[in-house]
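Chains: A, B and C, in written order; residue numbering restarts at 1 for each.
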Amino acid sequence: MFILKIKCQRKTVKRESIDIYELYKGFTGRKILFIVVLLIVLPSMALVAILQGPASIGIKDAIFSLFHSSTLAHTIIWYLRLPRIVMAILVGIGLSFAGTVFQALLKNPLASPYTLGIASTAGFGAALGIVFNVGILSQYVIAGNAFLFAILSSFIILGVAKWKSSTPETIILAGIAIMYLFSSLTSLIQYQGSMEEVHEIVFWFFGSLSKVSWKEIAMASFMIILPLPILLKWSWDFNLLALGDESAKALGVKVEKTRIIGILLASLITSGAICFTGIIGFIGLVSPHIARMVIGGDHRFLLPASSLIGAILILMADTVSRTIWAPQVIPIGIVTSFIGVPFFFYLLIKRKREYW
Amino acid sequence: MKVFLIFILSPLYLFFGYLLASEAIVVTDSLGNHISVKLPVRRVVALTSDALETIRAIGAEDLVVGINKNIPKEPLFWPKLKGKPVVGNWMEPNYEALVQIKPDIIICYSRWGKGIEKKISPLGIKLVRLDFYKVNSLKRDVNTLSLLLGKEKEGGNFISWYQKYLNLIKERLKNIKYKPKVYIESYTPFHTDSMGSGGHEMCLLAGGNNIASSIPIPFPRVDPEWVLDKNPDIIIKAVSINGYELNNSTYLKKIREEIINRPGWENIKAIKESRIYIIASDIWAGPRAIVGIMYMAKWFHPHYFKDLNPEDIHKEYLKKFHNLKYRGIYVYP
Amino acid sequence: MLNIKQLDFNYHNIKALEDIGLNLNRGEVLSLVGPNGSGKTTLLKCINRIVKPKKGSIFIDGKDTSKMNSIELAKQIGYVPQATPSKFPMTVFDAVLMGRRPYISWRPTRNDLDIVAQILNVMNLKDMALRDFDQLSGGEKQKVLLARAFAQDPEILLLDEPTNNLDLRHQIEIMELISLMVKEKNISAIMAMHDLNLASRFSDRMVMLKSGRIFSIGNPHEVITSENIRSVYGIEVQINKDNNYPYMLPVKVADERK
C-alpha cells in the first residue's frame, strides 16, 4: 500500500520538485542581490569619504586635482585621504572575514578575531617596539613586532590544539590564558616606560589610520588578501561545521585539519590588519552578525557579505572620527566601540531565537 | 624660693613656648589654593623633575631627602642627588618609601595625581602643588617655593635673572608685524599643544602664531591633513629626552627625518624651507623654558636676535644656579 | 556487503567494544540493541570512522574503510545522528543540501538541487523547505536529518536512536521510511535502538550487545527471548508471538540471583 503511494507521488514529483527548485533559486537570488547592493554602496561611500576632511575640498577641486599633481588638494587626496580610505576598507574586510571564520571554526557566535588573544600579543609586541625599540624590521619596528607576536599567539594555540585536543572549548580557553598573560606583560612594559611612551602605547591600542602610506597598504593587502580565496573555498565546510563535529566528519569534512589551518590563516589575516593600525574592535564581531541577519548562515554568501559590511562600517567610523571634532582625530577604535556596543544590545533584544 | 623656681623653670617655658608658637605660613599653590605649612621645612621631596630643578636653582638642594624615579637615569645632571632614596613619581608615588623618609612637604603637579593628598595627610606630610612648567605662573610658583624653604633671596635672584631675558625678548618683539605660523608637536606623534599647555605659551612668547590655538583642549590629537592645509612656516617638535646626557644628535636627527618623511608632508612650507626644529624636553616647558623660548625666538625672528646666543644663556643658567658645566645636545639643527 | 572483524575500541583504557564481528547484506535492516553504555553508539561511530577503533577492520563491498579518504567514506555511509540544537540558522533545504557535500566541489549543480527537492517531496517536507530548521518539532527535525542522510546517496545508513523523543506517529513514519528506502535502493541500514519492539518489528536481523560484547545475534525471534532479556536488561518479560515479529511486555525487575 505504501509502495503504491510512492508510485503515484513519483509522477507528480517532477513537477513539484521544480517548484521547490524555483523557490530555492529565488532564495539564493535574494542573497546575491544583497551582496550586489553592498558592492554598490561601498565605493559610493568611499567617494563621499574622499571629500570629507578638515581641509575643505569640493567636488570640482577634487576632480581638478586628479590631473594636476602639484596642487595641495592632490597631495591631500592621494597621500592622506585615499590611503586612509583604502586601508579602512582592507582592514574592514580582513577583520570581518576573519571574525566570520573564527565564529564558524569555534562554533561560537561570540568569537571575534581577538578571541584567541591576538590583540594582547600584538599589543605586547608594539609596546616592546615603542618602549625598548627592540624588535624586527628596524624601519617598522612597531608593526613588525605586532605582527610577529600576533602570529606567535596562534602558534601557541595550535601547539595546545595538537598536543591536548582541538575542540573549540580548549582553543578558546587557551586564547583567554594567552590574553591575560600578555596583557600583564604589556602592563609591565608600560610601567617601565616614560609618560610619553605609555601615551603612545595607549593610543596604539585605540587604533589609528592616520599613519598609513601606500607602502604599508601594499604590505597589508598581501597578508590580508592572500588567504581569502583558500578560506572562501572552504565555505561548504564551514557550513557543515555548524552541524557539529561528528556530523561534519560523517559528511566528509576533515574537521581537525580544517580547524587548525583555518585558525592559522584567519590569524594571519587579523595580524596583517592590525599590525599597522592597532586594535580596531567590534567590527570583526558585529559584521558577521549583521550579515547573518540578512543573508543567513551559508558561508558562500556570508563571507563576502560580512566583509563588505565590515568595510562599510569602518569607513563610516573613520569618516566620523575625523570630521566630528575636526581637526582633532578621535582614535578609530573608540568610534567603532561606540557604534558596536549599542548595536550589540540591539541584536540581543531583537533576535528572534535563542540561537544566533 | 619662688624666685628660684621661676628662674629655673623659665627656660622650659621658653622652650615649650617656642614649640607651640612655631610658625605656620599660608602659601598659594598653582591651583590658587591656600595651603598652610608648618615652618621650618627641613625635608623636601619633589615628585617632579621640574620642581627638583627649581629647588636646586634656589640653592635648597641639601633639603632634598627623596627623589623621583627618573632622576637616577640622569646621573650627569644630578651628581649629588642620584644616590638619594627613590619614591616613585607623580603618577605612582611610593607611599611606603615616603613614610620611611618622612619629608615635611612633597611637591607635585597641579593637574595630575589627584588622590595623593588623601593618602599622605594621615602620615603628617603636606602636599604642595607647584607646576613650574608654565611661564606665566613661574614667578608665583618660585615665590611660594622660596618662602617655604626659607630661600627668599635666592628665589628673588632667580626670578630677576629670568625676568631679565623675558623682558628682553618682549622688548625686541614689541613692534613686529608678522608672526610666523607654527605647528608644535609635543612628545607623542600627531599631538599638538594648544591653549593651556606650556608649549603654546612658549610659542606665543617667542612671537609665533600657533596654528592650533583655537582647539579647546591642551593636547589634542590632530589629522595630518589639517597640518598640510594650514601650511605652517615653522615646525617645532619637542622630544622627551635628557639633553644633558646626550653625546650626539643622532636621536634628534632621526626624529627630524621621520617627520620629514611623513606621507604628503614634503609639501608643507616648513619642510620645503627646512625650518623644522627639534627641541629637547630639558628646555621645554619647565624652569628652563626661557632657554627654549630664546631658541624659538631666534628661529621665528632671526633678524631681531642676531646678537643673542641661547647657548650662552643656557651656560649662564647652569653655572649660576646649578654649579654645573654646560654639556649636551638640546636642539637640532 | 558490510564486514566487521574483531573490532575493539577503548575509551581511556576502558574496553568499550571488544571483539565485535558481524556481517550485513544489501537490503537488510539490522538493529543494535542493548542497555545504555553497552556500546551501540560507539559501534556506529567506529563504522563511519568518527572515532578510530583500537583494533579490527571494517570492509564495505570488499574495500577496507581505513584506506578510504573521508569524502569517499561519506559517499558510502549516511549517518543520522540524534537531533541537537544548532547555534546557527539554517533552512530545511540547506540542511538537506548538506548531505550532498561529498559530491559538491564549489557550487551545487542542478542535479544536486533536484535530488534534494525530490527527497523533500517524498518525505512530505516540501511545505517547510524554507523554514528555519531549529523551529521544527522533534519529529520533523529527525525526518530532516534522515533526508540529509538519503541525500548522501549512501550504501549504508547508520542511525543513532532515530525514534528517541518522537511521538508515536513520527516513530512509525520514520521506521517505515527507512524500510522503504532500504528495499527500494537495495542498500542496508544499521540502527541503534532503544525500543526493542520497534526494533524487532522493523529489522531483518538484530544484535544484542552487553558491556561492549555481542551477546546475541540473529533474526528477531532468535534474539528477543526472555532469557536474553533477563541476562542483558535484568527484567522479566512476556514474549507475544501473535504477529510475525516478537513483541515483549516488561513484567518486573528480575531477581538478582545468578
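The rule is short, and it goes like this: a contact is a pair of C-beta atoms (placed from the backbone, for glycine too) under 8 Å apart; a residue touches a chain by one contact, two chains touch by 3 or more.
Keep in mind it's a predicted model, so treat the numbers as computed, not measured.
Could you find the chain whose CA centre sits the greatest distance from that of subunit B?
C
Which chain wins if you rank chains by how close their C-alpha centre is to the centre of all protein C-alpha atoms?
A
Could you grab the centroid distance between subunit B and subunit C? Build each centroid from C-alpha atoms only and quote it in angstrom.
Result: the chain centres lie 82 Å from each other.
Hey, how far is the Cα centre of subunit A from the one of subunit C, in Å?
41
CA centre of subunit A versus CA centre of subunit B: separation in Å?
Those two chain centres are 46 Å apart.
Enumerate the contact residues on subunit A facing subunit B in the complex.
The touching residues are 53-55, 72, 75-76, 78-81, 83, 194-196, 199-200, 203, 210-211, 213-214, 322, 326-329, 331.
Give the list of subunit A residues in touch with subunit C in this complex.
The contact residues of subunit A facing subunit C are 2-3, 6, 9, 12-13, 16-21, 23-24, 27, 107-109, 233, 236, 239-240, 242-244, 246-247, 249-254, 292, 296-298, 353, 355-356.
Under the definition above, what is the set of subunit B residues touching subunit A in their complex?
Touch list, subunit B to subunit A: 70, 91, 187-191, 215, 217, 220-226, 228-229, 231, 240, 263-264, 267.
Under the definition above, what is the set of subunit C residues touching subunit A in their complex?
Answer in residue numbers: 45, 48-50, 70-71, 73-75, 77-79, 81, 84-91, 93-95, 98-99, 101-102, 104, 106, 110, 113-114, 116-118, 120-122, 126, 129-130, 132, 134-135, 152, 176, 180, 184.
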